[in-house]
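So, here come the structures, one by one.
Shared between the two complexes below is subunit A, which pairs with subunit B and subunit C, respectively.
Up next, the complex of A and B:
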């Protein structure tokens, strides 16, 4: 019985990080109606940024988080202008293809330079022991940092003028433009923000689990599942969806081999899309 | 531009196949593929053309979804890989003859695709595309765990398997000719769909799904049908391909690189054109051969195909055929 409680707690901790990754995806999707298939590459870039910054420059692991957020934002803005700007108003097909192409380039470069071996960043944190169970410190801190970033994102989107501009553009781009909001700049800003969140999520995942250059696909799929669960363009829903996914994974791991996880997640993704096309946790629009 | 093609389809839908010049162009291509390497027993040329037949088969069938219906299928390689698995499994475990095993693979994969297609037919636009990304991951994970198919270690065929075809040397030629046949059928299928009412419906979906629905195109059923149809020949090609290598494992069978290449080919040649898929495949194979031989590029194959895809999408979304149609509008009447 206590094993289940421990699985629930760990599922919530890990799932919140999935939620953070999905926030990056759902923000871009909601604001400009573009499915960002470079999302997996951005997550992997965050993982390797952690690895390289700690191994090469010797930064302490958690000091890389602000660097990754800022770097991810700048890369994201650049990506917007290279691959997305011309696709925003065209058919889904085109933006899917262009972001997919960028993903190939990034993953191809990563594979050529770093290989496909397993990487691991040793992070030593004291763990928390509760009765017979031990919760690793990295999981707890990752969840805490996720909560912090999510809180800041919420304050930004709901309490500041630029954040309100992002929401206005997501709501109705033409109307926002008519109100004098520089929509193109907002779009590139939102894209940068989305990539920064993905990178930060990648960094936090890398403190918990080993990773390879090709890990991005699996985490990208998780982000899609979370987005489907949480509803589109809804950061709070993404966090709930992430926690739900973490719980489902935790339970699935008790009943069947871990290698089946992807199959379960995929079935879940399709099932949720068919049964709840607007998301299980989608807030009712007033 | 698009309306022109649609009008042309309506206008000449009644002309029978053998009265169309394009029918004979396809026949010529098939004949060239079948005879040129056979003339001097040129094995090297045969191997490079064999790869071209696989590329053309994959691209041409992907085109049914990507080109006609405007739906990306990121997981088109699932058909190829599953077909390979079913073919190899039936031959190795149940001693089926080659032809029966490959036909069974084609039918089984098509039916699976139909069931899956009917399941996700309510998904539209980007959601459908995302579901197809997932299916690749899910099927690969499933096969890697499926013990009758050897799990992640894969399946081997004994070398004696080629004996009924007259020994390994002759068997390789037989497989090549069969693959040329599959390629030819793919081209004819793409052409037949394009000039049919069904193809017209798919193109209408590709241009505006809401408008198509209002005009009475049964979009969900058409999408599922196109999805299933585009599975049949790639599954057979996969069966033949992995029969030739006498070995199959999940990482080869569901190589995402190959479905990516198929997408690059379709976009390079020109989405929604039969000729484009074939020429794109040929050009891409030449490019790939050049990349593989030049040392500095062999590691960067993915990077190059990605960059190529990005450039095409950004600057020449119509691909090579789009450019040719724009330059010489009369070619539209001959090259579909």
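Up next, the complex of A and C:
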């Protein structure tokens, strides 16, 4: 019983980081109706940014977070103008193919330069022990930083003029345009924000687990499941969806063979798509 | 113009046979995992084979009768994916005319490649596939260089039982053919040795978060962890076992801790044991080929890193093939396989002998493994041989906590 409680706590801690990763994906979808398949590459870029900034410049691991957020934002804005801008109003398949191509280029370059070996960033933090179970300090801090970033994102979207502009464009781009909002700039801003969030999630994941250039695919898949749970275009729902996924992963592994966890995840994915196409948490909100 | 054509024809007539007579190249084909999850171990294995190739060519080639055959490698990236392997081995045989083949890294990829090499009747030496099932399918041209998966955790279980005769064991392994074959044999051997298995779980090879499994290990009150799979998952599991302070007295993981890169895990690597096909400290007396020390020096001079057992097994595949060709005095596939079937030799890597009966043809039956443990020596993490006691270079650290 204690094991189940410990697994649920751990699942929630890690699930919140899944939620942060999915917030980037869902924000981009919500604002511009683009399924961003560079998402996995952005997560991996965050992982390697942590590795390079700590190994090359000697920055403390968590001091890289603001650097990665700013860098991720700038790269995201550039990516928008290079690969997404002309695809926004076209068929979904076009933006899908365009971002998929960028993903292949980024992962291909990463493979050529860094190889596909395992990288590890050793992060030492005090941990919390309860009974026989230990909750790693990196997991706790990752969840805390996720909550902080999510809070800041909420304040930005609901309390600032640029944030309100992002929401206005997400609601009705033509109406926003008529109100004088520079929608193209808002779109590039939102894309940059989405990539920055994915990079930050990658950085936090890399403080917890070793990683490779190819690690992004697994987290991209999880982001899709989380996005389906939380509702497309709903950042708050994504965070809840991430926590729910982590909780399910933690709980399921305690009551059945671990190898079934993936099956459970994707059965859930299909079930949510069929029963709650707008997302479980989006439905509640409505 | 006619005279020119005539001259060209005469030149071609004489040049043709001359080119054929000078064509003393033996083509060996293989795929390697330049990318994907098997990259680290595969690269190490191929480096061993490359060292052998370069040494043979520097010495003038393999002598067969009056001819000397220089070695040419043709390689492709299989991306660590079975789907690529069959296509590429077909290409190696049909298009690149490979006369002999070295297997790809991992049991799964080797079994996949074997389907093709058997169809074409080409000998394939497998240096990185330990799963034994492939050798019970009636294959005639496969040769296993390393100890089969049945025996991988035997030493670890014996070492553990010597310290704690009733230890509670968590068997946690990757859901791939090699690791599953190891687990089946380990389960039986642990029971026979009096150990109790309190957790028996497999996980997907792509698993990145082992927290739920580690919580299960803690809940099971296991004292020892046996299992793992390959490099990526094994190293991740080791780090998380350390981060979550699972109170384990003994940890033995497959493959990953044998790589020098494992030391990059720092304190998470300390005390972890690994069943190893070969270690630098091994002192076998070779009947042919280099001694262990000579191999290590040549490898370090060429690649600037110490060899692990994957590199040693890659080299072993080369010298075993070379010896078989020299014994057969032919490069004919059937004659070379007959020489391999009859071979019972010791090299720097240990003993080599394969089963020659139809039911198990190619299965390695003589090579023995050791158990190595990451220990601290002068403040640095180094692997020491801790089992069997006859080959020990340091005592087994037990318990870890």
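Quick notes
Rule of thumb we're sticking to: the second predicted complex is superposed on the first by the 271 of 286 C-alpha atoms of A that agree within 3 Å, B and C clash if a C-alpha of one lies under 4 Å from a C-alpha of the other, contacts with A are read in each partner's own complex, and residues count from 1 in each chain.
Methods note: contacts are C-beta pairs under 8 Å (C-beta built on N, C-alpha and C of every residue); 3 or more make two chains touch, one makes a residue touch a chain.
Keep in mind the model is a prediction, meaning the values are calculated, not measured.
Aligning the two structures on subunit A places subunit B and subunit C in clashing positions.
By the document's definition of touching, of the two partners only subunit B reaches A:269; subunit C does not. Within the superposed three-chain model, A:259 lies in touch with subunit B and with subunit C [touch as defined at top]. By the touch criterion defined above, A:126 reaches neither subunit B nor subunit C. When the two complexes are overlaid on their common chain A, residue A:96 makes contact with subunit B while staying clear of subunit C. Shared-chain residue A:111: touches subunit B and subunit C both. In the superposition on chain A, A:6 contacts subunit C only, with no contact to subunit B. Of the two partner chains placed by the overlay, only subunit C lies in contact with A:209; subunit B stays clear of it.
Contact with neither subunit B nor subunit C is seen for A:58 once the two complexes are overlaid on the shared chain.
Once chain A of one complex is fitted onto chain A of the other, the partner contacts of A:35 are limited to subunit B, with no touch recorded for subunit C.
Across the options 153-161, 171-179 or 225-233, subunit B meets subunit C in a clash only at 153-161, per the superposition defined above. Residues common to the contacts of subunit A with subunit B and with subunit C across the two structures: 111, 218, 257, 259, 261-262.
In the complex of the two chains, the subunit B residues touching subunit A come out as 66, 70-72, 74, 119-120, 122-123, 125-127, 129-131, 133-135, 137-138, 140-142, 144-145, 256, 260, 263, 267, 299-307, 309-310, 313-314, 317. By the touch criterion given at the top, residues 35-37, 39-40, 80, 175, 201-204, 206-209, 211-213, 215-216, 218-219, 231-232, 235-236, 239-240, 243-247, 261, 264-266 of subunit C touch subunit A in their complex. For subunit A in complex with subunit B, the residues that touch the partner chain are 35, 83, 86-87, 91-94, 96-98, 100-105, 107-109, 111-112, 217-218, 221, 224, 257, 259-263, 265-267, 269-270, 273-274, 277. Subunit A makes touch with subunit C in their complex at residues 2-3, 6-7, 10-11, 14, 111, 115-118, 120, 122, 127, 129, 132-136, 138-139, 208-212, 214-215, 218-219, 249-250, 252-254, 257-259, 261-262.
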